[in-house]
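Pasting the structures here.
The following pair of complexes shares a single chain, chain A, combined with chain B in the former and chain C in the latter.
What follows is the complex of A and B.
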């Protein structure tokens, strides 16, 4: 399920994790909640050598153990892939703000 | 750990997770019994688990709605996990293959919990109790043993092995009370909840006997069981003093600097792990006076590589911005053994190969840390100090190794520099011959210094009041070090437990110290203590 998917191109993006303690419980919950609002299949990884994981799984996102300043890569495909990647980048870049955005 | 009390009743010591005082009945609670469950057909089992997950979701939502705020956010993680198909679906697949619902459910969680528990990251370790909480809630529903939580009287001192957040929230804290955990962690979600609610909490107490009543002092991290009249009187006196100081301490914290006799007193914080920076008061510190690095050695993969170490140090420097950060090289050995690193079978490890002695004996490992530090040095206001230095030759050997590492990195085209180098003053010989050391700064490790000067093992409770950091001999060495620093223009700070103890602070100031490094939770109180002293208070 990596680079060679048949359904059109992937939308990809990268964002620096600025959260003080890295990708821990609260950021992980916010990220997966947001990802689930999109139809697109969304994967993320925290280093170039790691496997891609499902951005909608809180267990997997926690297991990334991404520390502060990791470069989070996001890729998505599906109808709303572009909006999904933009929204997730915004969430991480703005340090997971509170209040329902 | 037991310590001698001066009157009837025994006092136990743990680690502070939340400051405050509680006096009340002593109630033990356990995590609930496991009764076996007979498995039905796979389709029945799937249905049973689906229903149990649904009820659990509802229960958590109820607790979260009632608690609100931070507590609700913590419980969101549990809800998210119940809605995580990647996590839940394999459990249903197991059941489809014939596993019983409760067995399959437990197995999936136990694996995840083991993974979290083995993490080098204390924050992640602490999350394992959230997982256990969720696991047990669903199991209770599956096994039909619901709604039999024993009634806990309000205001009690509650004792448990560990306590999941949802159990904490189900307890009625309206009349106060406190939490004494045999294990547990100061960075757990429960500890965060306890601090947010102002419920005193002490963790890692070890084994405890049964008792009828208890006094819990979250400030000194002690629990007294079945106390006598005199103990209660002393306890109430401490509680009252704490109540008075707390109100004004928060206000003092926000003021720019502490001063005493017109001189600026710099207050820095000690951190064990990067997550300690999350403490709400950390931002008010003048910098980091001691970052311990031993936790890096106890991760599941052994000692982390240069890159991992570099990122950890860099993260702290980034947090501190322009404020100084003093990182102490590995202080293993003594009471901190590390498998595969510290020597085995030493008859007296406190007097053995520990601290810098050990690092110099293992230059290959030490160089990895020095490389990471040399790279971090170009990223912020970094100082590096060596622990357990006895003679100047050790400092010079470490400096030479460090310089070599910097030259190697620069030859490789990697940005690196030699940071300011200092030493811990904890060996009496070093304190007495302090003028021989060409260090940029000194940091007094008062715990070890007192233990070596007084010949008292600090973990031996039977020594009681003999282990007194305010003994004149200890104070003389502190004053001597401080005096040397003043003359030589080298900063001197103190980073042991004394600095976080308001009763010791006046003496430390009289010894000439103008820089103290304390635990983040003590910052407000110590700043307040100094403020009172400088305004003519007696400081008790």
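What follows is the complex of A and C.
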């Protein structure tokens, strides 16, 4: 379900979007808020052919419109990149729980 | 240090203002201060400068306040409310050129991360920039 690998200076990971209606507004807000807690530059995309977008931009994350079962790819660059990718994968894999602020 | 930019929602309709504030609280969380106002004293549609000033005071933060408005008078009355603040507070309040609901949610999301007023405004206005 999830894999993490070091790809040059980037930490990368993939996770399947299990949320019933895909990446709509509320999950997008949660993902962006979590991404902002890290110093690392974090990019995501919802398909291999799509452009990478900044995971800290809520407008861009909402505009992903990723449907259920999309494979979300995450890549991060910076000191806490590994923790950032792990945290974001966990958020998506656990279906965006309400816990935490 | 952990203060976040406050959000003020100004609509002609109190129901829209309250509903927008509810969406922000439920979608973004309670770490961002959100205040709202809407309607005239008779319960009809309208906006009111002194109620807007009250809302700015309620949402006040050392990082400043971003205002989201709906139509015409909401914007001009919000600008008037900002003009009536003390000079040193005036420059810490901005009226965002953004759709009220989407702008409020996105501004609050940005604010929750501890961003500056200018960053919060830029994110809200990203929607208008297309």
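In this section, the second predicted complex is superposed on the first by the 92 of 101 C-alpha atoms of A that agree within 3 Å, B and C clash if a C-alpha of one lies under 4 Å from a C-alpha of the other, contacts with A are read in each partner's own complex, and residues count from 1 in each chain.
We adopt the following convention: contacts are C-beta pairs under 8 Å (C-beta built on N, C-alpha and C of every residue); 3 or more make two chains touch, one makes a residue touch a chain.
Predicted model only: the values in this text are computed from it and were never measured.
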Room on chain A for both chain B and chain C (clash or fit):
clash
Please work out whether A:69 is in contact with chain B alone, chain C alone, both, or neither, and reply first, second, both or neither.
first
Once the structures are superposed on A, label A:21 by its partner contacts, choosing first (chain B), second (chain C), both or neither.
first
Tell me which partner A:37 touches in the superposition: chain B (first), chain C (second), both or neither.
second
Counting residues of chain A touched by each partner, does chain B or chain C come out ahead?
B
Just chain B (first), just chain C (second), both, or neither: which does A:54 touch?
first
Quick one: classify A:93 as touching chain B (first), chain C (second), both or neither.
neither
Clash with chain C: which of chain B's stretches 6-14, 114-122, 150-158 or 294-302?
150-158
Can you list the residues of chain A that touch chain B in one structure and chain C in the other?
25-26, 29, 32-33, 56-59
Touching residues (chain side chain C, partner chain A) in the complex
27-31, 105-106, 109-110, 112-115, 123, 126-127
Okay, in this complex, where on chain B does chain A touch?
73-74, 76-77, 80-81, 83-87, 112, 115, 119, 121, 123-124, 127, 130, 274-275, 277-278, 311-312, 314-315, 318-319
Mind listing the chain A positions that touch chain B in their complex?
20-21, 24-26, 28-29, 32-33, 54, 56-60, 62-63, 65, 67-69
Spell out the part of chain A that touches chain C in their complex, as residue ranges.
25-26, 29, 32-33, 36-37, 56-59, 101
